[in-house]
Every structure is written in C-alpha cells, then in structure tokens.
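Shared between the two complexes below is chain A, which has chain B as its partner in the first and chain C in the second.
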Partner chain A sequence: MPEITGYAFPNDIHVHWSLMIVMYPYITGFVAGSFIVTALYHLFGKNEFQPVARLSLAASFCFLLVAGLPLQLHLGHPERGLFVMITPNFTSAMAGFGILYSFYLMIVMLEVWFVWRGEIIQTARRSRGLKRAFYAALALGTYDTSPQALEIDHRAVKVLSAIGLPSACMLHGYVGFIFGGIKANPWWSTPLMPVIFLCSAAVSGIALLILVYQVTAKLGRRVIQADTVSAMARWLWFFLIITVTLELLEIIMLAYENSEEWHIISPLLTTRLQFSFISMQMIIGSLIPFILLFIVTVMNRYLHEKVRNTLTVMASLLLLLQVFSMRWNVVIGGQLLSKSFRGLRSAYEPHLFEREGILVAIVLFVLPFVILYVFDRLLPIEAPPGAHAPDPHGDAPPAAGVSPAA
Partner chain B sequence: MDEMPKGNPPPEPAAQPAQAEVSRRDFLARALRASGGAFALLAGGGAIASDGERYDWEAHRWAYLIDTEKCIGCGSCVRACKAENGVPDGYFRTWVERYLISPEASHVDSPNGGMDGFPPLQTAFEPTKSFFVPKLCNHCKETPCVQVCPVGASYRTKDGVVLVDGKRCIGCGYCVQACPYGSRFISPETHTAEKCTWCYHRITKGLKPACVEVCPTATRQFGDMKREDDPVRLAIAHGRVVVLQANLLTEPQAYYLGIDMEVR
Partner chain C sequence: MEHARHVFRVLLVLLLVIVVVIVGRSFLVPKSFGMYGNYRYDNVPEQMAARPPLHGGARSCADCHDERSAVLAKGSHARVSCEVCHGPLGRHVKDGDVVAKMAIDRSPRLCGNCHRKIDGRPPKFPQVVFEKHVEGGLGPKGCLDCHDAHSPKL
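And then the complex of A and B:
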C-alpha cells in the first residue's frame, strides 16, 4: 500500500498510468524529433544534416513501429485496443491517436520508399532468386531510374517532408494535449503542455541521432563529419533552451500567481519529485548539458574533434535522461498528487517483471534499434559510395565534402 | 423522501440503457439476447421472464442530495454499496470524509473510505468544527469522464446517470484521470473502469440506491427532477445548495447542503 501524506481521495492512491504511459511519449518523442532532423535537410536545406538525413528518417520509422505498443500493453483489455480505431469517440483526445498514427505512418513509409527507391531497383537488378523477387516487390512495379525519375523522387521526398513535419508535430503535440486537456489535474492542465512535449521531442530526437550517428560511424569506421556534429549540437542547444524555458515558465507562473494548485504542486516538486525533477530533469539533465553544448556551440572553432564529439555525446546521453525524467515527472508526478489537493502518495516504483514493468520498458526502448538494424540490412542506411546521394535542392551536385567517406 | 410513483413498473432489464429502446413486442429476440448472459446477469436474472411495463428513461431525471448536517459517519452506506455492487477491497464507489477544522488548521481523513466508521482522533490543534461529508460520483451533466473516453464506453443516460459499459471499456484509465472528484477506478477484477451507478439496476425498478436505502439519518436522498413534488427537487429548487468544485463547470447532479469551503 502506498503511503499518503495529507488526505487523498481513497481512489486517488493508485497510479493507473504506469511506466508504459511514460514510455509512450518518450518513444513518440523520438519519432517526431528524428523527423524534424530529416526535415531540416530535405525541407530547410541544411546541408550539414545530409549525413544523418537517411538515418533520421529510418529512425523515425523504426520508433514509429513501436510507438503504439506501450499503449497496447497498458490497456486493461488489450484485445479491445482496436476499438479506438473502429469506434472512436471523437470528443476524446485519445481517439485521434488511430488516425494521426496511421496517417503519419503512411507518410513516413512513402518517404522511405522514395528515398530508397533507386537503390531498391539497383539491388533488384543486381541480385537473383528470392532476393531479386523481394526487392522487385519492394519496387512496386516501377523500375525507372532515369535522371528524370530520380528528380521526381526528390521532389516527392520534399513534398512528403513538408506534409510529414506537421504530422509528426501533431502526433507528438497531441500526446501533450492528452495531458494538457485534463482540467481535473493541476499538474497537467496547461496549454503549454503540447508545446513542451514537442520541444522536448526535438531534444530527444536530435540527442538520439547524435549518439546513433557517432556510434554507427565508429562501428563502420567512417569519418564523423565535424560540421554535422556541430550543427546538431547547435540545434540541440537551441531546442534545449526553449524546452527548459517553457518547463520553468509553467512552474514559475503557478508559483507567482500563488494559485490554489501551487499549494499541492510545490510540495510535490520538493518532496516526491525532488530527485526526478530537481536533480535529474533540471540539474543533471538540463544545466549540465546546457553548459556542455554552450562550449561546443560558442567555442566550436577551438575544439579538437575528439573533444567536440565527446562533449556532444555526453550532453546527448544526459538529455536522453532529461527527457525521460520529464515524461516521468509529468505522467507519474501527476498521479502522485490527489485531486483533493490535500494529499500526496508515496513514490511509484514499477517492478522489474510485470506487464508494465521495467524489463518491458527496456525491451520497448531496444526494439526500435533492432528494427533499425534489420532496416539497415535490407535498405542500407549509409548511401553506397558513388550512388546518387539525394540532394534536396535539385541544382547542385552533392557536395563532396559532406558525402560520407566510405 | 417519497416513494417512487405507485404505478412504477416491476423489474425490467435496464442495466443496459442503450438497449432500452428495443421494441417490447420483440420478446423472443430480447429473451435470446438476455440469455446471451450479460444483460440477464446485470439485471439480476429478471430479464427473461419480465414482460411488464417498460422503464421509460425519458420520464425521469435523477438527482442526489446530501445533507451533510445529518451525517453521523456510521459508514452504513459504504458497506451497503460494497455489498450491493461487489466493490473490490481498497476501491470505493462511495466514501465518507471526516473534517476537523479550526480557523488555523484543518485535518481531513477517510479511513478505509469510512467503511468501518471513524475511530476517535486526537489532532494537534483544537478543532472548532467537525463534520462528515459523504462522497460519490456526481453524475455530472458536463462530464469530463464521458468526454475523454476514447471508445464511448462511458456515457450519460437520458435519465441523467453516468455509466460505464464494461463490455466496451478498454481499460485505458483516461476517465479515471479526467474525473476531478476521484469517483472512478480501474477494477483489479474486471480491468475496466468502474464507478457509482446510483444503483441503476435498482432505480430502474423503482427502488432507491442502496446507500440511500440504508442511511439511518436521511443524509443521503435520491429524487427525480422531473417530478414537480419530489422532495429532492424541492430542496434543490428552493434551498441553498452547492455542488463540489463548481469552478470546473462539470455541473454535478449530486447537491450538497451545509458544506464548508474546506470541502473539494
């Protein structure tokens, strides 16, 4: 039995939204964040992102495939999960999930197809037997790799990015809305919630890509592009600042207005969430990475490559923790306070082995990487040397400096 | 409180109000459906044989009145609710809160929901007033719990009762989060959302909710807003009643008399 300080409504002592509901926004955050990185290249012409453009699209896709799982695992009746899609009740914020998810999945799959189409066809041509049949099927019956056709591919990718970016933002902003729209819960109910979720999604996405990019480059003995790393660090820093500003603003507003809610939220933050909010989310997760990225951004020119890479990796790792803590503090924190506004329950500790437990959460986090690995086997994420690297901007040939060395 | 209208019909399968509109002549189909299990179970098995007057949910609008001045904190209502509805241990469809208040400090508790009454209590301050407040689902008119249900398993009936369809509920728990009053829980037995139904299986048969039935002091009263002379309607119409957390505009249909500002 959880311990209660003060008075909690007797039904308010249960944490019904468990670790899985923490994992859900964490994983969709990677989906949206990675897509933002692809869009920076395809849509906004940030050429520094070219080496990670394909990686981020693939990552967004792989995390997307897993995004619905934690929800499903959390349901009291998982076998009825499809009801949300079949008989949605549209006054519910949750009912939009099916539609948004399917739409975004479609966009990402199309974009993946257009980006890899040329290579799919070439692989089909080069191989025989089953492999040939597989790639021929993936090519969906068109084998045109003429420059004109590839040009159309590039334009399609651009259009899809333009549709995908708002969809990814919607998909994740909507997760924030699920919480922000609950007027019963003072710790959730704020219009800032979707925005905070979105910005922290960008943080987690970029941080994740910095890590994956550097790790895969090391493993594949490829050169880590300095301007890619510093550009990502810069954007990471930018999104970190916005995220933390918003997170703090929300609290400062409550405190300054000295609202009724503050009288329960302030003890929540300083007692129950002291470790996960103050230590993890704010100091270890925000302040330290802020300083590290500050160094990378401001003193970029003077940094040795190794130092820059190490600093960004450290900052990224900490930021992954920061975003996880933020999800935890929102989802779990909101359930530690009673709607009586008079009581807090003791901390929620998930078990290692249970349907919504720690082990499952770890599997959920690892699974997208496994999928990413399979993806890479089927559709190599590193563009083959000499292959036509997709150039979003049509005119210029791919700059030699930015294309990854083989 | 008055009895229900004299002509009120004998038992009728009403636990599934969404089905209540089914033609009465279609007896065979209904019997088949009832013997399908669920309705018969919920309606206490009376469904198959009954061919009496149909319960007309358009003819009623239920409301609940709690006169806190009368409550003695005996907890009979909480026990009755548990017995009537098989409420799992540690979860509550109704509960009773105890308030001990002085101008400087306050203490609120509800040991085991008030089920076993209230043991004497020493507070660090000298209370200048104390009282009990029975709580239950307010059957809100603008109900956030129905609003957020992604599959429409939570709904409000035409006679003003908020119910959960246990066969549609996916157990997502969104409604539990959305209810500002802590009236809902996910049952560890059915894994679906559960809450007070105002004993819908009883009120549609002309009975009162179990808690109202057993309350020895008439703290808890149940009435029909569509009956001009209903005592509950009269009390709400003429008395100075309040609802809980009125600022949230959920329009509760459980009204309180004699409540203090300390009560949320």
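And then the complex of A and C:
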C-alpha cells in the first residue's frame, strides 16, 4: 500500500495513469518534433537540414505508427480503443485523438509517398516478380519521373508540409490539452500545458534526430555534415530555452501567487519529485545541456568537429532524459497529490514485468527504430547520389552525407 | 496536367479510403447509438432483460408475514425495508411460490453495518462502539440478547 502523508481521500491513492501514459506523450512528442525538422527544410528552406529531412519524415512516420500503442496497452479492454474513432464522445478530450491522429497519419503517409516516389518507381523498374508488383502497386501504376512530374511532387511536399506542421502541433498540443484541461488538478490545469508539451516535443524530436543522424552516419561510414549538426544544435538550444522558460514560469507563477495549490505542489516537487524534477528535469536534463549547447552555438567556429559532435550527442542524450522526466513529472506527479490538496501518496514505482511495466515501455521505445529499419529496407532513407530528390528551393543542396564537412 | 496523373491517382486512393472508412463506420456503429446520448440505447433493455429484479419491496413481504410487518411498522425500524436485513425477495419466493428458506443473519456484523460508530455518521443516529457497549462484551446471541431486530428500542 502507498504511504500517505497528510490527508488523502481513499480514491486518491491509486496512480491510474501509469508508465504507459508517460510513454504516450513521450512518443507522440517525437512524432511532432521530427516533423518540425522536416518542415524546417521543406517549408522554411533551411538547407542545412537537407541531410536529415528524409530521416526526420521517416522517423515521424515510424513513431506515429507506435503512438497509439501505449494507450491500447493501458486500456483494460484494448479492443474498445477503436471506439474513439468510430463513436467519439466529444465531451471527452480523448475524442480528439481519433480525428487528429487519423488526419495527421494521412498527411504523413502522403508526404512520404511524394518524397520517395522517384525511388519507388526506380526500384519498380529495376525489379522483377513480386518485388516489382509491390513497388508498382506503391507507385500506383504511374511511372512518370519527368522533371515536370518531380516538380509537382516537390510542390505537393511543400503543401503537405504546410498542412502537416499545424497538424503535428495540434496532435501534440492536444496531448497537453488533455492534462491542461483537468481543472481539478492544479499541477495540470494551466493553459501553458499544451505549449510546454509542444516545445518539449520539438526538443525531444530534434535531440533524437541528432542522435539517429550521427549514429546512422557512423554506421554507414558517411561524413557527418558540420552545418547540419550546428544548425540542429542551434534549434535545439532555442527550443530548450523556450521549454525550460515556460516550465519554470508555470512554477514561479504558482509560487508567487502562493495560493492553496502551492502548498501541496511545493512539497510535491521537493519531496516526491525531488529526484525526477529537480535533479533530472532541471539540473541534469536542462542546465547541463543548456551549457553544452551554449558552447556549441556560441563557440561553434572554434570547435573541432569531433568536439561539436560529442557535445551535441551528450546534450541530446540528456535532453531525451529531460523530456522523459518532464512527462513523468506531469503524468505521475499529478497523481501523487490528493484532490483535497492536503496529502501526498508515496512515489509510484512501475514493475519490470507487467502490462504497463518498464520492459513494455522499453519495447515501445525500441519498436519505432525497428520499424524505421524496415522502412529503410523498403524505402532507403539515405538518398542515393543522383537520385530524383526534389529540390525544394531551386538551389541544389549537397547530396546527403557525401560532401565533406564544411 | 499530363504529368499530374500520379497526383490524381493518389487523390483517388485517398477518396477510396475515406469512402471505405465512412461505409465501414456505418456498419460498425450500432443502430440505436445516439438515440438518447453517446451510447447504444439497446444496451438498456438488454441489461434489464439480463437482470430481472430480485427485490419485491416491504409490501410483498407483508402479504405472508403480516404479524412481523405490524411489529416492524410500530418500531424504530419502521422505515427500514425487510430486504435491507433479510436480502432480496427473489431468493425466497419466485412466481408466488416459496423456493428457499430465507437466510437470516443474526450476527452483530449486520447490525454494525448501520450502527457501528463511525465519525462520518450524523451524531444523533444511534451508533455504538461494540467493545464498549456491553460490559464484558456481547453475549452469545450478539445484539439480539437485548434487542428485537424488528423493534429494537428497549
């Protein structure tokens, strides 16, 4: 039984939203964050993101396929999960999930198709038998790779990015809304919640892509583009500052107002969440990466490539921990305090082997990478030199990972 | 337009998917869904049919046990229905015939359901701390040593 300090109602001592509900915004965050990176290239003309544009789109797609799984695992009746799509109840915030998820999935699938269409056609032309039939079906039977057709692809990708970016923001902002809209819980109920979720999604997405980009480049013996790493570090630093500022603002507001909520949130943060909030989220997860990325951004020109890469990798790893801690502190932290505002229950500790346990959470985190590997086998993420990759801005960007570092 | 053929194809596929979703949904949404709210109304009569009422109310007991009912009506338990302590009528009588003897719980635990001292109960409501209520503890018949359950006032 959990230990109670202060006064708690009997129905306050259970943590119903478990580790799976921590994983849900964590994984959805990667979806939105990765899409922001791909949009920076396709929509905002940031050519330095060209080497990771396809990777980020593929990552967004793969994480999206897994995003609903934590919810299914959390449900006692997973088969009823489909009802949120079939008969949504709009008095519940969860009703938004079906609509936003389906719409965003459609946009991402379309964008993937337009980006990889040239290679799908080439593979169909080169292959025989079943493989040919598979790629021909993927190409929808049209083999037009003329410059005019590719130009249409490029414009379609731009339009889809323009629709996809707000959709990704809506999808993840809505995850924050689910918590922000719960007025009975002072640790959740703030209009800042969707914005904090969204900014931290950008942090986790960019951090993950920095890691995946550098690891895959090392494994594939490709040159890591210095411009790309610097640009990603800059944007990561920017989103980190925004995120941590908002996270601190929320707490400073509560502390300054000093209303009855603060008298339970303050002990929550300094006792139950002492490790996960103060140590992990704020010091190890925010302060140290802030310093590392400060060095990368401000002293960029003086840094040796290896130092820059190592610093960004370290900062990214710590930021992945920061964002996970933030999700944990919001989801679990909000359930450790009593609705009477007078008591706290002891910390929630998930088990290793259970339906909503640690092992399942690890599998959920690894699964998108497995899907990403399969994706890469079917539709190579690294554009082959001389491929019909759409040139989004008229000027030819360097082929991915083949030109030497600047 | 000649080079945009693939765009029309993908839009056609998209349209097809949307039609399949809409048509598929119409099969999956139960017919009575949404009649009175965001739920399947047919579930209400189904649940009612699956769970026939077991309770008959105090009057149905009085049909056979009028003496007991008269005692109960004059006592301080007048507003406590027979089935509160004895259990539902359906276990005892079915279609007017006695199907089983009514089980009678004479343990102090049953009385304690209402009369055990709990801070949340109104102060004027008769409630006792069993351990302190009777010197030397409760007798062999428990509460019934002193109280008649149908008219418990001494």
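Quick note on the criterion: the second predicted complex is superposed on the first by the 393 of 406 C-alpha atoms of A that agree within 3 Å, B and C clash if a C-alpha of one lies under 4 Å from a C-alpha of the other, contacts with A are read in each partner's own complex, and residues count from 1 in each chain.
Basically, contacts are C-beta pairs under 8 Å (C-beta built on N, C-alpha and C of every residue); 3 or more make two chains touch, one makes a residue touch a chain.
Bear in mind that the values here come from a model prediction, so they are computed numbers and not experimental data.
> Using the touch definition from the top, say if A:P267 reaches chain B (first), chain C (second), both or neither.
In the superposition, A:P267 touches no partner, neither chain B nor chain C.
> Once chain A of both complexes is superposed, is A:L110 in touch with chain B (first), chain C (second), both, or neither?
Touch status of A:L110: second partner only.
> Now for A:P2: first (chain B), second (chain C), both, or neither, which partner does it touch?
Neither partner.
> For A:P350, decide between first (touching chain B), second (touching chain C), both and neither.
The answer is neither, since A:P350 touches no partner chain.
> Contact-wise, after the overlay, does A:D144 reach chain B, chain C, both or neither (first, second, both, neither)?
Touch partner of A:D144: chain C, not chain B.
> Counting only touches as set out at the top, which of chain B and chain C does A:N11 meet: first, second, both, neither?
first
> Who wins on chain A residues touched, chain B or chain C?
Looking at chain A, the partner in contact with more of its residues is B.
> Looking at the overlay, what does A:T87 touch: chain B (first), chain C (second), both, or neither?
both
> Under the contact definition given at the top, report the residues of chain A touching chain B in one complex and chain C in the other.
Touching chain B and chain C on chain A: residues 87, 89, 91.
> Which part of chain B faces chain A closely enough to touch in the complex?
90-92, 95, 97, 107-110, 112-113, 135, 144, 146-152, 168-174, 176-186, 190-192, 248, 264
> Okay, in this complex, where on chain A does chain C touch?
My answer: residues 86-87, 89, 91, 106, 110, 113, 117, 139-142, 144, 146, 148-149, 152, 156.
> If you look only at chain C, which of its residues touch chain A in the complex?
For this pair, the touching residues of chain C are 3-7, 9-10, 13-14, 17, 25, 28-29, 33-34, 38.
> Could you please specify the touching residues of chain A with respect to chain B in the complex?
Residues in contact with chain B: 1, 6-12, 14, 16-17, 71, 74-77, 80-81, 83-84, 87-89, 91-95, 97, 178, 181-185, 334-335, 338-342.
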